[in-house]
Amino acid sequence: MTKVKSLADLKAMREKLQSNLDIREKAENPESLVQVKVAMATCGIAAGAKQVMEHMMQKADELGIAAVFTQTGCMGYCHAEPTLEVRVPGKDPIVFGHVDNNRADEILTKYVQQGELVEGIIPVNYETIDK
Amino acid sequence: MAKYKMHILICGGTGCKSSNSLEIIDNLHNILAEKGLSNDVQVIKTGCFGFCEKGPIVKIMPDNTFYTNVKPEDARRIVEEHIIKGRKVPELLYTNPENKEHVSDSKHMDFYKKQIRIALRNCGFVDPENIEESISRGGYEGLAKCLTEMTPQQVIDVMKASGLRGRGGAGFPTGLKWELCAKNQADQKYVICNADEGDPGAFMDRSILEGDPNSIVEAMAICGYAIGATKGLVYIRAEYPLAIDRLKIAINQAREYGLLGEDILGTGFNFDIELRYGAGAFVCGEETALIHSMEGMRGEPTLKPPFPAVSGYMGKPSNVNNVETFANVPVIITKGAEWFSSIGTEKSKGTKVFALAGQINNVGLIEVPMGITLREIIYEIGGGIKDGRQFKAVQTGGPSGGCLTARHLDTAIDYDSLVAAGSMMGSGGMVVMDETSCMPAIAKFYLEFTCEESCGKCTPCRVGNKRLCELLEKITNGTGTMDDLNALRNLASVIKDSALCGLGQTSPNPVLSTLDNFWDEYVEHVVDKKCRAGVCKKLMSYVIDPEKCIGCGKCAKGCPVDTIVRTDYIAPGHKLASMRIEVSKCIKCGACMGNCKFGAISVK
Amino acid sequence: MANIKLSEDKVNVIKDICKSFGNNSGEVINVLHQVQGKFGYLPAAVQEVIAHELNMPVAKVYGIVSFYSFFTMEPKGEHPIDICLGTACYVRGAEKVLDAFARALNVEVGKCTADGKFSLNTLRCVGACGLAPVAMIGEKVYGRLTPDMVPGILAEYK
Amino acid sequence: MINLTIDNKPVQVPEGTTILKAARMAGIDIPTLCYFELDGMNFENKPGGCRVCMVEVKGRRNLAPACATDVMEGMEVLTASPRALNARKTVLELILSDHPNDCLQCEKSGDCELQNLAARMGIRNIPFQGEQSHYEKDTTLSVYRDMDKCVYCRRCETMCNKFQSAGALSGVNRGFPSVVAPAFQQKLGDSSCINCGQCVQVCPVGALTLVDNIQNVLDAIADPTKTVIVQTAPAVRVALGEEFGMEPGQIVTGKMAAGLRRLGFDRVFDTDWSADLTIMEEGTELLGRLKKALAGEEVKLPMFTSCCPAWVAFYEKNFPDLLDYPSTAKSPQGMFGAVAKNYMAPKMGVKREDMVVVSIMPCLAKKSELAREELSVNGNRDVDFSLTTRELAHMLKQCNIDLNQLPEEDFDNPLGQSTGAAVIFGATGGVMEAALRTAYEVHTGKTLPRIDFEETRGFQGIKEAVIDFDGFPLKIAVAYSLANARKLMEEVRNGNPNGYHFIEVMACPGGCIGGAGQPYHHGKSDIIRRRMEAIYREDAGKPIRKSHENPDIVAIYKEYYGEPCGHLSHEQLHTHYFDRSDKLEATK
């Protein structure tokens, strides 16, 4: 790994990483660029997030959806664990709560493939400090 | 297959359901079918929006229109006007209480600003095990800015100007703390991160470490630069294995990227971080106790002065901040003190993360600006009280805090107002209670915790809290007297006044605040021998209403002590004789009540 | 003074752990963590070896072990059951769940069942307050518990 | 200088003074309980835990502990405001609520700091009822533990670890069940305890007390078949008077002898006599080792003194690899016992089994020392019972004997006559000085130019000096407190880089004068200082001040032992040491 040597280096790195994300988002075929973030803090894992994520990755494979799955930290919705956020390019990200295997399947087959919302949506109710 | 063009989202949270949100859904379905739009518009029930006061809530996507107080009969207008004609229904729009203007787009509605995520800015956004995701969101730019553009004193000045105060509880100004440590010359200094979150019912720090460990690594390095330390130590609960793993990964990745270790960012600044493990002692949240524990001793607090800034870990100047405090640091550097201090109240700047728990609908982790009211948190973020019950109290500050009542709901929350109200900010536990919570029993719960966690070093905490606990035991089992209530108050005040450390001095707060705010309930326990919440077993009995009992005998079968017998009374309309509980043998487990399908058993 | 009777393998494991911390008495808490991680608990003989290796009084080691609730001198059951009694769990009825476990296993809190299968303990907040009340059996977390779920859960382990 | 007011009285004190000390300078006595300091003797216990000394400082949110709060310019302190008094009283009531209510039977009654505090604060009832701590009673041959009475002041723990580095005691558990105990709450006798008894000396209450042997001695005296003889250690005579209201530092040698006689002892002898004997043996041993060393022979140096039984127990437990270094000479108590039962008994026509030897010691460790196997013959101990200074005082009082009213009497002979060199055994550095006086003259054949070795005197924890032995530079060190001794032992283990030849070690503060069997000094270090002054006063007043000039010593060598370190003295006056360290013994 090359070390970051200066502030300029760091900023360049940030821009490059961000543009990678942009390319993903602006790509032609939205289904191949679906991003799923699974809340994997203790709470989420205890509620089964890991197992749901594995199941969902497998299901996405079966359905031919080349989604990118990442783990992330606590989203704050402890009452609705396991929770995950689905970002379909061109649309606002949506957070789903109480996701079990069935709901994970639904999210992929209905929401991702057909744009149909499924139950379990958690309205995001906070502001971020991003520009 | 249907490809919907529009979605109507309807809140299916408890609050909205109770105000007929399900009926709205039915109506919408019917009207859409009637108009032949069922394949174009999807109606979907969602989780709670948190804004139950204005429920039911209906949101139209993709234009983000947000309707409040929607009634079932409004369904037709929403479909006919908004869906078909594309015209918003003004009467249903949210009205800004300040300028009375309608706000149509939920992105501009101020209740969405109830929460601002600063400390939690990356939690739920980044993969905590991948430093690149942090960097892509501006991670380590604060550190880079400090190292390349600022002197240590300038860093301290920014921290001072930001008004950030310690988030661990007491609220000491962070910039000032750094400055005190920076002033002391020594061959070695330490930056210590207190991640020994021990407050039962609080998990803010754990969430930050699990969700965004890089911000802590970055902040500690910034602190090291500011105070002149090259070593950082994180004192973390061994009970947090996931947080430990992720922090270790972050530290290793930061080293690989040259953001930690020798010659950081090519500036010649060295800083590295090691972990030390807590072993289950709440008192180790106190900084002197924490330091002793890190040194391999019993975690007993010592008197201050000397402060850690003068003589801390291994006798060297040390700066101790907690996780959430550190999490604020990098953004303060990148966005500036002015930005940060524009949020919050005059004396408490920025935001506070709370672990919202208890009898509330939306249990979760929230981050709110200082100055928000309890009402806003409970009813506009927390989704109100569970099962539509009545709010009774909210406990903040954990075992060091107090119970506040409905009277405090509109208090603007900051360090000083909470202390004035008899509680404290604490590390951020916020437990909401309804009428099923008994306040003397809650006070006893906290005192039992303090007794178990007291280090035992000083008399007021070691013996005093034990005696407080015993007095509360007397009161909750019905043998207390009015004299006991007076003794309770005097003893609690003496402990507060004379205990050695912060834990001891604040340990009577749950007692004092409940005595102040729920005096009647204490008196009921000692004079009337009644527990209105039905919590104190000795003060209640289960009774079977012979008129309602059909004599099925299920209660008797499930009774662990065989104390339910059949009487010879057959109520009119019933075929079997009713059952009766022999009070003397009853252990009040409540199993019978759970087994009765006819509502014949109640608590008296 | 007591002579320590412990198998050579075990003594060597402890010695290696101590050595990995430079036999530094300031690292005793880290050493205890690792040793407990290996053996599950810290019986007296183990503490004697640690004291000897770190060159510190065994009374001090015991003073530390008895201070921190994470350290235990009691062996745990095959399936250690920990009931969270953090505030969030408490106000959502954790005590009743605890009673239900104690009754179902006929065991006191802090003790092991006669067959060594289960031990019942309480702890303060596992940080899964959203799932309150919560219990842990081994590594597995059970959330949103009610007393009537207890027999079913125990049946999984019988 | 800092200006402040205490109870509205202006006070000026140096910076760094605590409120407690500033108040005492101003004549205001704030009560304390856990706080304990031996000024200049390297002992401080200031956990700030008991909260008895809480005072109100204007402008502060909480009360402040006077013992641990430094004065500040302009401070206004109220030591007896209603708030401070209420807190102090409540704290005291809390302590008493977890303390047995058995003052009448308690060994500490009358000398208990808690009892005094309760009396002073006018405690008439205890408003708090609740659980009380219960622990099994535990005893060694020296120390009795009743931890139900512990107030968790931690003095014993500090003493055991910081001062003695014995490491037998630690704070264990937390919260209400906190207590000071050995590892695993095992018996003290199974721990690394060395029975120095300093925990007893500093315990403010009756949690740690001595093992009382008064009745054993009264029974022996009452038994007509027994001949009971008594020996009294050097440090006893400068402290016993305190128990009878005399000023500290009063020398009561003659009155003590008279008192012992009144108690019915058949012979009243003096351990000082056997201290002179010890010097002969130990001094000779030292010279022997030095001679061998000078001749290039392999020999263990430095030589350590071996008079202090706590010290002996300490190196047996902690330095089993260095057992060859200490002198093999028995302690004066041990030598006296050997002489009494081997030489004196036949001389008096008494069978060994019918002679009972009692020692009066400033020490608790002596009670354990006398049970060492090497100090008995066929199960019959050389010394049967050891009483402390405090026990002797109690015994006298029980028998209606007031020391003040007694005439001065002499010891019996021949085991009663002693020199100035013997009496200084009672103070740190004394054994060294006594040995130097004799060794110098024996070695050089010249008379000492000066008798007083100032370099071995005083309260410094470790004293070092080079003594000119007629051209040979003798390197010596003197230490009290076993933590100091540990430092020296570790040096020796590392090859003795300072080249010491001879090291004296005493366990207790200031030596035996600060022993655990002495009257409780309650942290008033001035008492120990005055005892030391008395010791040197007694020495200076003696006609003979060198052990080898004691005519009775000269006589017994002529008559019985032949020569120092000769065959018979090796048999009777020397001992050997055992490895009593913890063993790591793995099973397969």
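Chains here go by letter, A, B, C and D, matching the order in which they are written, and residues are numbered from 1 within each.
In the analysis below, contacts are C-beta pairs under 8 Å (C-beta built on N, C-alpha and C of every residue); 3 or more make two chains touch, one makes a residue touch a chain.
Quick caveat, the model's predicted, so the values are computed rather than measured.
Trainee: Hop across touching chains from chain A and tell me the fewest hops that reach chain B.
Mentor: 1
Trainee: By C-alpha centroids, what is the most central chain here?
Mentor: Most central by this criterion: C.
Trainee: Out of A-C and C-D, which chain pair has the most contact pairs?
Mentor: Output for the comparison: C-D.
Trainee: Counting in whole Å, what is the centre-to-centre distance of chain A and chain C, each centre being its mean C-alpha position?
Mentor: Result: the chain centres lie 37 Å from each other.
Trainee: So the centre of each chain is just the mean of its C-alpha atoms; given that, what is the distance between chain A and chain D in Å?
Mentor: One centre to the other, that is 74 Å.
Trainee: In angstrom, rounded to a whole number, how far apart do the mean CA points of chain C and chain D lie?
Mentor: 43
Trainee: Report the inter-chain centroid distance for chain B and chain D in whole angstrom, where each centroid is the mean of the CA atoms.
Mentor: From the centre of chain B to the centre of chain D is 57 Å.
Trainee: Which positions in chain A are in touch with at least two other chains?
Mentor: 42-43, 77-80
Trainee: Could you list which residues of chain D touch at least two other chains?
Mentor: As it turns out, chain D has residues touching two or more other chains at 171, 173-174.
Trainee: Multi-chain contacts only, two chains or more: what residues does chain B have there?
Mentor: 203, 206-207, 240, 281, 298, 357, 363-364, 452, 455
Trainee: Based on which chains touch which, is the overall arrangement a line, ring, star, complete graph, or other?
Mentor: other
Trainee: Output every touching chain pair, sorted by label.
Mentor: Listed in label order, the chain pairs in contact are A-B, A-C, B-C, B-D, C-D.
Trainee: Touching residues of chain D toward chain C in the complex: what are they?
Mentor: 161, 166-174, 181-184, 186, 190-192, 317, 580-588
Trainee: Can you list the chain B residues touching chain A in their complex?
Mentor: Counting only chain B, the residues touching chain A are 1-4, 7, 9, 11-12, 42, 44-51, 59, 62, 111-118, 120-130, 132-133, 135-138, 140-141, 144-145, 147-149, 203, 206-208, 210-212, 240, 242-243, 256-259, 265-266, 331, 335, 357, 361-367, 381.
Trainee: Which of the residues in chain A end up touching chain B in this complex?
Mentor: 1, 3-7, 9-11, 13-14, 17-18, 21, 37, 39-43, 45, 70-80, 85, 91-92, 97-98, 114-123, 125-130
Trainee: Which of the residues in chain D end up touching chain B in this complex?
Mentor: Per the touch definition, chain D meets chain B at residues 47-52, 54, 62-63, 65, 68-70, 83, 86-87, 90-91, 94-95, 97-98, 127-131, 151-152, 171, 173-178.
Trainee: Please output the residues of chain A touching chain C within their complex, sorted ascending.
Mentor: 42-43, 46-47, 77-81
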